[in-house]
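I have a structure here, written as structure tokens, and I will follow up with some questions on it.
Think of it as A, B and C in the order they're written, each chain with its own count starting at 1.
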Amino acid sequence: MKENVASYLLIGLFFFSGFLIKNPFILNMISIAALTVIVVMGLNLLLGYAGQVSLGHAGFVALGAYLSSILAIKFNVNPWLSIFVSSILTFLFALIIGYPTLKLKGHYLAMATLAIGEIIYIFANNLVNLTGGHQGLTGMPMLSIGNFVFNNERKFFLFVWVVVFLFAFLSFRIVNSHFGRALKAIHEKELAALSFGVNVHLYKVIIFSLSAFYAALAGGLYAFYLGFISPSSFDLLKSINYVVMAFVGGIDSIFGSLIVTVVLSSLPNILTFLQDYWPIVNGSLLIVAAMFMPKGLGGFIRWKREIF
Amino acid sequence: MEKGNILEIKNITKSFGGIRAIDGVSFSVKKKQIKALVGPNGAGKTTLFNILTGIYRADSGEVIFKKEKNLFSYKPHRLINLGISRTFQNIQLVDSLTIKDNIALGLHSAIKTNPIYVIFGLSRKQEREVFEKVDKVSKFLRIEEYLLKFPNQIPFGVKRLVEIARALVSEPELILLDEPAAGLNERETELLLKSIFRIWERNISILLIEHDVEFVTSCSHSIVVMDSGKKIAEGLPSEVMNDRRVIKAYMGE
Amino acid sequence: MFVQYTINGVITGLIYALIALGFNLIYSTTRIVNFAQGEFVMLGGMLQFYFMSIHIPLAISLFLVSLIVGLLGYIIQFVFIKNTKNPTELSLIILTIGLAMIIRGFTMIIFGKNAYPVNQFLPFESITIFGLTFSSQYLVVLIGALILAGFLFYLLNMTNFGKVMLAVSQNPLACSIFGIDVEKVKSVSFFLSGFLGAVGGSIIAPISFAKYNIGLIMGLKGFSASVVGGFGNNVGAIAGGLIIGISESLSAGYISSSYKDAVAFFIMILVLFIKPSGIFGSKDIERV
């Protein structure tokens, strides 16, 4: 089977499970997982196709969440428009960060994004007038299309899986085009990519900014779904969790990350007694993956080729 | 530029720290010529090659390609658009891509791209044209049976040919071969020789750097010999190989 | 107040400098940026707290702390990094982050989430210079950091081991041909790096408290110091540490302490934008 077909089927399966699951707690949990899937898919593009890692993606999620909420609450901008605008702004912000940093070796992007994530976290905590500080921000209007309001867990659940599908579609289109081929070449044989006309630096910057866009859009949806955001949802550990999911799922495997993300983002809600042990679990997963399976779980699946 | 030349290398120098890796080297490649650059290890061949392909910047001198284009004013990733393409001595195939996709990478810059096209699948027609060319070039080099395999599934000699196919698929006017015979066995070398002649028959100029003198004398029209960063001889294979200085450089004192 | 803030800044800056030196030490022999570097500092503080709380004499506890954390560094290289199947830049970043998470996780489970106060090392509370009063621990940090830095410079520049390290950093392959045990040199540089971090963490603990979660941020500040001074340059590491420490302290004093942490990161990003090779620039960081 081709990877994109398998992924679409899996997403479809989740979508239809929304009609069967009655428990709002589970619907809510998997909706949040779906939003996480979007962030992780973006991170996969960066990890698997540019060979870089960001340790500040929670910061981009926060930018999407806070900017869109502030636009909607303080400036009465339409929620959809504010989510879109804040995602574009985050994209541009990442462009500015990525342009100088991606000229350097990989650990500079990792450290710079770690720093950016922390700076955003600090500002979210301290710009009390805008963000509500550590108390958080509330009062976002509900998302709606015409008279149809996403006012319960099931409606949002179904909607968010449609969004996941759209992002997966976008990812596969990129990955399976000549663009994706060039990105893989950049990741493995940068010199070859350069010699055959790939503008290595530009491609890296674009893919980094695109992954920030994924994160911001997920952040915007998160804010309007919950109607409440606070800095603690966007701290450093969140950024590292995203990296764990993307890396363990498989750096260039959208299918693998899809499964791993839903599992890893739901488990802490189920195994609550293990709460204090999650950093250790996550750390161990990273170590095992980095040492013994650099392509993650997705690396064990051999897909049929997409283009002929 | 002198008539009939496709590439002129003029007075190139390059130092690393205090060491002069290349010292005032000049020569030219004629249209439809197979030119070889030989020399013992450390002669500066690879450095010169890296200067030609824009990976290093020369301290002085210039490289003129075709109509008075100075190559130093182009970024490395633009050279392919001018009609210069290359292979790598240490194979640079992308392991996670099939041979087909690896060769298609050679046409990357031929695809006129923009993100909207990619998202809505509008570049698929161009992709199909790319793969038609890939098929053609792989038939030409007789490697079509390997197209759907991955680099780690094919013999070393074939990898060399895939490298050449990737360089050839964009139909360049000049192709730079970086030690194409290194690591090949006798049969593979013979196959490579034939391929090189068939490429030449298509009016493509070839500049190859090579360690193996025997291989070079059997395939090139003209040879440049370098030693310790300097050009020490240039001419027909038979002349150059009898040059006293060349023998000295290879055999030692 | 300015003098007071500056001196505060110098003291924390010295700790950042020690972390930055640790980064350099590991990077020069292994080309790895160790994301667990800050955890060494965190562990140094926590263990110091623990040993002092069970009344182990200062000299012995300091020795134990640096030995334990140094060994941990040794293990990181010898067990984890050495046995990584496909050690790319990316996988080693991921690996050291994983190790950082585990160190942090276990520390939290063993010691809990509290911030622990650590007693001053000297028998007297405070010292007075120019009419300004400082914690006596400032003296310990100042002298301790200078001794460590001096020891490191001596080791790298004057001893045979320093020459071996330099050789390994420039051409590991040639070294292994000439019979130098490259893996051992790498492991020793990890040991030294752990040692530096641990002593730094332990001597700063009486000033800043010991807490399980300060590792990544301390590491990032040390890295910022390193970037500002010029990554890989040891003189730069100290200069960078002082610059970061002082600007942090001044901005905490004159602007607001809530943005204190952001200052270090902001400076680093600014340097990456303007002159990524830092003040004492080494060219090594640029890609080919």
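Note that a contact is a pair of C-beta atoms (placed from the backbone, for glycine too) under 8 Å apart; a residue touches a chain by one contact, two chains touch by 3 or more.
Keep in mind that this is a model prediction, so the values were computed, not measured.
**Q** Could you name the chain whose CA centroid falls nearest to the centroid of all protein CA atoms?
**A** Answer by centroid distance: A.
**Q** Where is the C-beta contact count highest, in terms of which two chains?
**A** A-C
**Q** Could you give the separation in Å between the centres of chain A and chain B, each centre being the mean of its C-alpha atoms?
**A** 42
**Q** Return the distance between the CA-based centres of chain B and chain C, expressed in whole Å.
**A** From the centre of chain B to the centre of chain C is 47 Å.
**Q** With chain centres defined as C-alpha means, what is the inter-centre distance between chain A and chain C in Å?
**A** Comparing mean C-alpha positions, chain C is 32 Å from chain A.
**Q** Give the residues of chain B touching no fewer than two other chains, as numbers and ranges.
**A** 55
**Q** Hey, which residues of chain A end up touching chain C in the complex?
**A** Of all residues in chain A, those touching chain C are 47, 51-53, 55, 97, 100-101, 103-108, 110-112, 114-116, 118-119, 122-123, 125-126, 236, 240, 243, 247, 251, 276-280, 282-287, 289-292, 294.
**Q** If we count contacts the way the header does, which residues on chain C are in touch with chain A in the complex?
**A** 33, 35, 80, 83-86, 88-95, 97-102, 104-106, 108-109, 216-217, 220, 223-224, 227, 256, 258-259, 261-262, 265-266, 268-269, 272-273, 276, 285-287
**Q** Where on chain A does chain B make contact in their complex?
**A** So the residues of chain A in touch with chain B come to 170, 173-174, 177-179, 181-182, 184-185, 188-189, 191-200, 252, 305, 307-308.
**Q** Note which residues of chain B are touching chain A in the complex, please.
**A** Contacts found on chain B: 53, 55, 75-81, 85-86, 88, 92-98, 101, 104-106, 108-109, 111, 113, 118-119, 121, 123, 126-127, 130-131, 148, 166, 170.
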